[in-house]
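Chain IDs A, B, C, D and E follow the sequence of writing; residue 1 opens each chain.
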Amino acid sequence: MKSTDLDRIEVNPKTMPKRTNPLANVFDDLVRFCRSRSMFMLHYCTGCGAIELPPAMTSRFDMERLGIQPMVTPRQADILLITGYVSIKTLKRVILTYEQMGSPKYVIGICSCTVNGGMYWQSYATAKKLDEYMPVDLYIAGCMPRPEAVIEGLQQLMDKIKNDQANSWKQYYENYDYYLGNQQKLFGNNWQTPTDVIGEAEIYRLMGPQTLGEHTKILQQVQKPMEPLEMKL
Amino acid sequence: MNSAQSQSLNVLLQEIEGIQLTHQNQRRLRADISADALPALLALLRGRAGYVHLSAISCVDWIEDDQFELVYHLWSYETSILISAHIRVARDPGIYLSVFDIYTPAAFFERDIHEMFGLYFEGSPDMSKFILTEWDGPPPMRKDFDSEQWVMDNFTWQDYHPDWLKQIEQQGGGVVKSADSSRKSS
Amino acid sequence: MRPENYQAVNHPPSHEYELNFGPNHPGIEGNYALKVKLQGDIVIEARADGGYLHRGFEKLMENRLWIQNIALVPRICVPDPVPMEVCYSLAVEDLDDIKVPERAQWLRVLQLELSRIAAHLFTFGGHAATTGMYTPMYWGVTDRDLILDLFEELTGGRVYSIYNLPGGVRQDMPEGFLQRVTQTMDYIDGRLKDYDNLFFTNQIFIRRSKGVGVINQQQALEWGVTGPNLRACGLAFDVRRDDSYLIYDQLDFDIPTEDAGDAWARTLVRRMELVESIRIVRQVVQALPDIKGPVRTPIPNPLAWRVKAGDSYTRVESSKGELAYYIVSNGEEKPYRVHIRGPSSMHAVQVLEKLSVGCRLEDVAQTMFSLDACPPEVDR
Amino acid sequence: MANSILLTILEVILMPLVAFIVGLFMVLMMRKLAAKLQRRVGPPLFQPLYDIVKLYGKQTQISHGLIHDIGIIMAVGGYVAAEALLPVPGMDGIAAKGGLVTLAYLMMVPSLGLALGVGQCANPNGSIGISRALTAMLAYDIPFIIVIFGVAYHFGSTNLVSIIATQQAEGIAGWGISEMPILAIAGLFALHASLGKQPFEIYIAPAEIATGPMVEMGGKFLGGLFVMQTFQLYTASVLYVSLFLGGGENWVTFLIKCFAVLAIPVLIAYLFPRYRTEDLIRLVWKWPVMLALLGVAFVMN
Amino acid sequence: MSSPKTIGNKAPVLDYKSAGSLLNPLKNLQFLGRKAITEPLQPRLASLNYRGFHLNDWEACVGCASCQKICDNAAITMVEIPGLKNDPVKGIRNHRPAIDYGRCCWCALCVDICPSASLSLSREYVHTCDQEHIDSYFILPDPNGMHKKHFGQGWQKTEHSDLLSLTRSAMAELEPANRDTNFNEIVHGFTPEQAVVEASRCIQCGMCHDSCPTHMHAPEYIRAIWNGDVEEAVRQIYRTNPFAHVCGRVCTRRCETACSVGIRGEPIAIRWLKRYAMDQVSHDRIKQIVKEDGKPKASGHKVAIIGAGPAGLTAAFDLIRSGHKVDVFEALPHAGGMTRYGIPDYRLPFDTLQQDIDVITSLGVKIHYNCRIGTDKTMAQLQKKYDAVVLAIGLSKGRQTRIPNSEHRHVYRAVDLLQKISSGEEFELPQSAVVIGGGNVAMDIARSLARLQKQQFGEVKITVTALEQQQHFMADPDEIKEALEEGIIIRDSCGPQGCEIDKSGKLIGLKTWKVVSIFDEEHRFSPRYDETEETIHAGDSVIEAIGQFADTTLLGEQLTEKLEWNRGRIKIDPNGRTSEPWLWSAGDCVSGPDVVHAVADGHRVAASIQQQLTIKTNKS
């Protein structure tokens, strides 16, 4: 097996700015409608709120009614549910996961902990505000929110997607420097992920004035090309 | 358990030098011994009193005494008495012997104590980090590590400013800074 | 600073390779990781990697009032939070010599056993899902939800009931509650037949789980295995009976055992415990109306409550095994030290690592789920 | 003549389209049946379509190289080509020219294509998955080929159109299932195994290898796999119907037969766990092969 | 209890070894024919005691911030809302809790501790928002619910879940039988154990501090007592009150009225805790503690204080610690003013009062006893000799009812009698007496006479009459209770109409009419009587305890003319300064009759004088 090439990104022509097709808007609406009716959520239990997801998924509250299914890998998923606190160790994985998800992608912050630290505000081990590290589309209040509240929240996200209001994923590219800065503050300046966010931003034409900055400079200095590690346990 | 068993256990334990026994209740026996005598006690309990189950090893940081207290909670399925063996180890340099050779579960507890308190166990099979692999601060469970302070230094909080608060602030009210400042001064 | 499990691995020129189970993997319970090294399909080395759910509970509890910790403790084991509350309360009561009214003790047992049923139903589902059978999960979680409804009615919270305080329970049960408990128990009793057909007597499942992750008695004792996992090795030990707390000594229940010590035996022990728990719940339901009196011994003003100095090692039997709190008080408003001995701290680390070696790739997830390891309890 | 060529071309274009639409409903039925067994409502009517449109509408399309792309195209393309060889009521396409052997060959292409594509992803889970998928293919292809051989021998033709015509001429008594019941059972086994549903779901196995071949797939690629799934369900069930249930007299009976055939493995799938790999091979090489050989023996007598 | 050993079936052993047919799972195909059990998409109604979003009854909430203190997660902040009622005397602040749902864990401990039972949780549980509206996570709970939608109350406080201890720690007292013949102190005070338990009830809301006229640091000394550090408690007490022993016994304790715990239960016994702290520390140690600040630099200024009562001595205490020389002139042979001569021994033993005074004199305050200004020295002399003069003469004269025959020689003023009793003077003890008045002075005189009567005649014949209904008496409820225990008869709603005199000129009783109302519509004092209900209360003497007034004759005509007056009282500015720049006035003679107000007044004039003298120093 060959080692991984850096991910190559193909650009969907639909994102290109010039659009001449008169049906383009109708087509866009259709795609957005389908996006809202088919949300694959990443099966990742980051915190204790995850215990209310199985009830929401299974027979009693049956998320599949809304077209929501759990998916196993970030590549397949559209929504990332951050279910409660994220310990710093998990946060690294969450950021990697988020970057690996295909756009458009949506983040839902569940429980108190994702907003302002929640129960664990004194803890040295958890991150306090999720939106410092990645843009969040929707928060669901509760500790933890009941399955009904989760489903209600997902329905709101569906509405937002349908109305083209859930575009936080673009912010991640447009303000990458800000997010990277917060990540570096927490993980140290050597922090890097295998995903080339700046490159993706260029391809998506989402380079904003805040995409590059002092933090990305640090990243570009320390960034090592992906190379395979020696096998060790 | 019956009193005969309890008697024989007491007699048995007297073999350890300098042991102090306290019956906390019917099923809890506290044994204070010196750190040197602990392996002998554990070997004795395991070998001759049926104490095969090491329930836990707890560590307490008595910072004022400059000591760590290690508590070995042992359970015997035969006598149904839980013995807690308490020893004290100097906080500095913080090294003690592993009891892994007597009790296998000790490996996890010793590893845990090592990363949480920084107390090293000689002879334990694995002293590498388990939980705090991405933590480079001091061992967090030590009393001299102030978690809240660390959090305040490293994180910021939501800066809420909802409309109702703006309204109240216009009227001259607002968030009360601390509980005491709300009091009238004399 | 790149998390290692996302890095491509340069495989040595042999048939050995490495796989990560977790932290984001459906074959792992919660947010936990197990790195395995395989030769072909056989695991030759396994390393558990925890801390993804680490919140530093023991540190947090040192910084909070005795009563505030009550809101904190259930979070230590999310699928089965009630024993956490009860164990903490029992330990504080032991330290401060608080006598719990009898009615409160019965209510606690009721809640504990309901929680055990809920946790076991949840575990079955998870275990079945690791073998590719999702229907038991859909059923188990749904039926568990009915018990959560009972919790909601009794305690005001679905999962984290925060119902126990040192001294008793916070509220008496609402009217007609016992009747609804009976209804739910009848329903679950009736459903067991379906579960048996689908899951417990499913020949393919038996084929998958028999002989997987075998622990013999000798090993179980040596490795510190407790709870249903220990009973699946033929040792009838249960803290409820042998180090009795609350009013368990007044109840009539059996301790089911199996001899095989494999994943199948562990599942079966849980299945039988489910029945025992239902039996206990029915006993409580019958006895509770005759037990009058308060449900809580008043404690001092919680803002200024100092628990007597001393230490207490208190154990209860959670659905996962032996759960213990070691609490040291130096007579202040806050605990001086709390050490939580979660049953999974043994099962999910050492035992899992040992059992994984030599097992098939297909069975790694099953081994973990059959041990019913609860990662938040390991990480604390 | 020109007309008939034009007609054939139209049919060849139309048949995969029909297959896709029917396949979507087959996916829906599969999910609905699962929901029913699990005592819940299940997805809405157009859910499979939403999923596919959404996946194609994803903006990020992470590719792992040319082979990866080709692999997916092969996977879908293999089935699209197979559809043209599967006669449906009113449309024969090029079935008369292709025959069973070509079809059997085309049905292996997707797995091979997937193997190519997934191999490029360099994800060990994917590699294990694909090796399992090929193993499974190796397992179920043996009874499958034997069954096809038996059927072809019985009808004396590898031409599906004539096989169907023969069966329809004699009514139910002439159906393959009445004439070759043992082969039909073996065929059902092979069909079930080829769909990769429990207990034969060894190569998806989320809890073991995180959905195996699909692990690195996102966006269009996953969409491709979803499309492939619709074709797969369609192809397998239509082939079985054509071989054993007399094909379609008209669209109503044809669809009823297809969905009924498919319901059997689907229902079983949600009530059983998966086998281990070696168990699968042992099982499939033992019973279906034995049955198929027995069936062939009966047929040849 | 009966053992429920027979309940429940034995666990049916699952026969998995033989029952396991491969086709068993297929039995579950029956579910194809069953209905789904999925709930509708609309969120269900939560259970009756669900712990959902917060509600707060703003009418009931007093802003005590206990919810903030018990919150695990520092989720609660108090917000000051200007439009709301803010009444420190009643223990109400215009603060309301605001809750951060980015922290809250819905444990409901805030509900369970809430002293006013205003907080509760609702059955509402759905709230979502996007990043721009994250402010909606910070809410100010009101009775209408988070989204102004009614979901009904969920978790509320019940008697089981209440976390406050609403009853006081028991304290030993003299039984009525043991106290009615002597002047021994009735209340024993807390034992250390009782005091710690009582102190632990405090929720540290600080309402007591706000309501106290002198803003004593009650939360701090209660916390110190709870910590077992009584010396620290004394230190905190002396920050604002040199009459600690006195206030520990006879304070009107507005703090306890304001106490948040008192909303639904018995307030913290703040007075007894103060007394406990003072009693625990030895007198010498108290003196040391007071002097801990070190000796101040002498300022060279001199201040004269007329009247050695609480106001005057408090001013002296402050001024001497600021380095001024202080001379106190007291007309009577003992210091303490009304606390010495007005409050009976059984409530305030003289030697404890003496301890307070001793602390003050130990600082260097010089008290000139038996020195009556106006006779022995004149105001003019004082003005000349001192930089400032404080008039703290108290209310030494009893008011008269001026009802018919009230000039009879057996009609007494309560203050005069009390002074006689406490100074040990001989006087004619009435065999039976009728007291007019429902205040503490009336109770004091009634109970003092009752003791003397019991000693001398073996039985008590005292009737207390007052205009108010008994529950509205000015006197302490405890006093009334104890008075009744001691055999005193209380007749409420009785308006005195005249003293009855028999033919021989002997007083035989008091005639009263039933009171219909005391105040008119404009809340002015204007009692109306029901003349048909006339009662004659038998008694050979009548004692008027309806209030006191100041004896300002000492000022002299000239000064009296010069000063500005306000309805019979000397007019003072908010700092206690009169219209004469050298003269301040403090205590009962300018504000109400109450020790702690007098102490507050003393501090106030001392601060004003200090300010004035500092200006003077800086000028020179």
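Here are a few things to note about the model shown:
The rule we apply is simple: a residue touches a chain if its C-beta (ideal position, glycine included) is under 8 Å from a C-beta of that chain, and two chains touch if they have at least 3 such contacts.
Since the model is a prediction, treat every value here as computed from it, not as a measurement.
Using the contact threshold fixed earlier, the set of chains in contact with both chain C and chain E is A, B, D. Contact with chain B and chain C alike is made by A, E.
Seen from the Cα centre of chain C, the chain whose own Cα centre is farthest off is E. Overall, the chain located most centrally, as judged by its C-alpha mean against the mean of all protein C-alpha atoms, is C. With centres defined by CA atoms alone, the chain at the far end from chain D is E.
If you compare A-E with A-B, the chain pair joined by more contacting C-beta pairs is A-E.
Rounded to whole angstrom units, the spacing between the C-alpha centres of chain C and chain D is 43. Centre to centre, using the average C-alpha position, chain B and chain E are separated by 47 Å. In whole angstrom, the spacing between the mean C-alpha positions of chain A and chain D is 35. Note: centroid distance chain A to chain C, computed from Cα atoms, is 31 Å.
Multi-chain contact residues of chain C, defined as those touching 2 or more other chains: 8-9, 17-18, 25-26, 51, 54, 56, 59-60, 63, 71-72, 135, 138-139, 142, 160, 198, 202, 204, 379. In chain A, the residues that reach two or more other chains under the touch definition are 1, 3-4, 58-60, 62, 65, 72-74, 89, 92, 115-117, 119, 121-125, 143, 146, 187.
Contact of a single residue of chain E with at least two other chains is seen at positions 25, 28, 36-38, 46, 69, 72, 100, 102, 105-106, 134, 137, 204. If you check each pair of chains against the touch rule, the ones that pass are A-B, A-C, A-D, A-E, B-C, B-E, C-D, C-E, D-E.
Across the complex, chain C meets chain A through its residues 1-12, 16-18, 23-26, 30-31, 35, 37, 45, 47, 51-56, 59-60, 63, 71-72, 75, 78-79, 122, 125, 137-139, 141-142, 144-145, 148, 158-160, 376, 379. Contacts from chain A toward chain C in the complex involve residues 1, 3-4, 42-48, 50-52, 54-55, 57-60, 72-74, 85, 87, 89-90, 92-93, 96-97, 119-120, 122-126, 143-144, 146, 187-188, 190-194, 226, 228-231, 233.
For chain D in complex with chain C, the residues that touch the partner chain are 34, 37-40, 122, 124-125, 128, 198-199, 201, 205-210, 270-277, 279.
Interface residues of chain A facing chain E in the complex, by the touch rule stated above, are 59-62, 65, 112, 114-119, 121, 131, 135-143, 145-146, 148-149, 151-153, 155-156, 160, 165, 168. Within the complex, the chain B residues that touch chain C are 27-28, 52-56, 58-61, 71, 73, 75, 77, 80, 82, 84, 103-105, 107-109, 112, 116, 130-134, 140-141, 145, 147-148.
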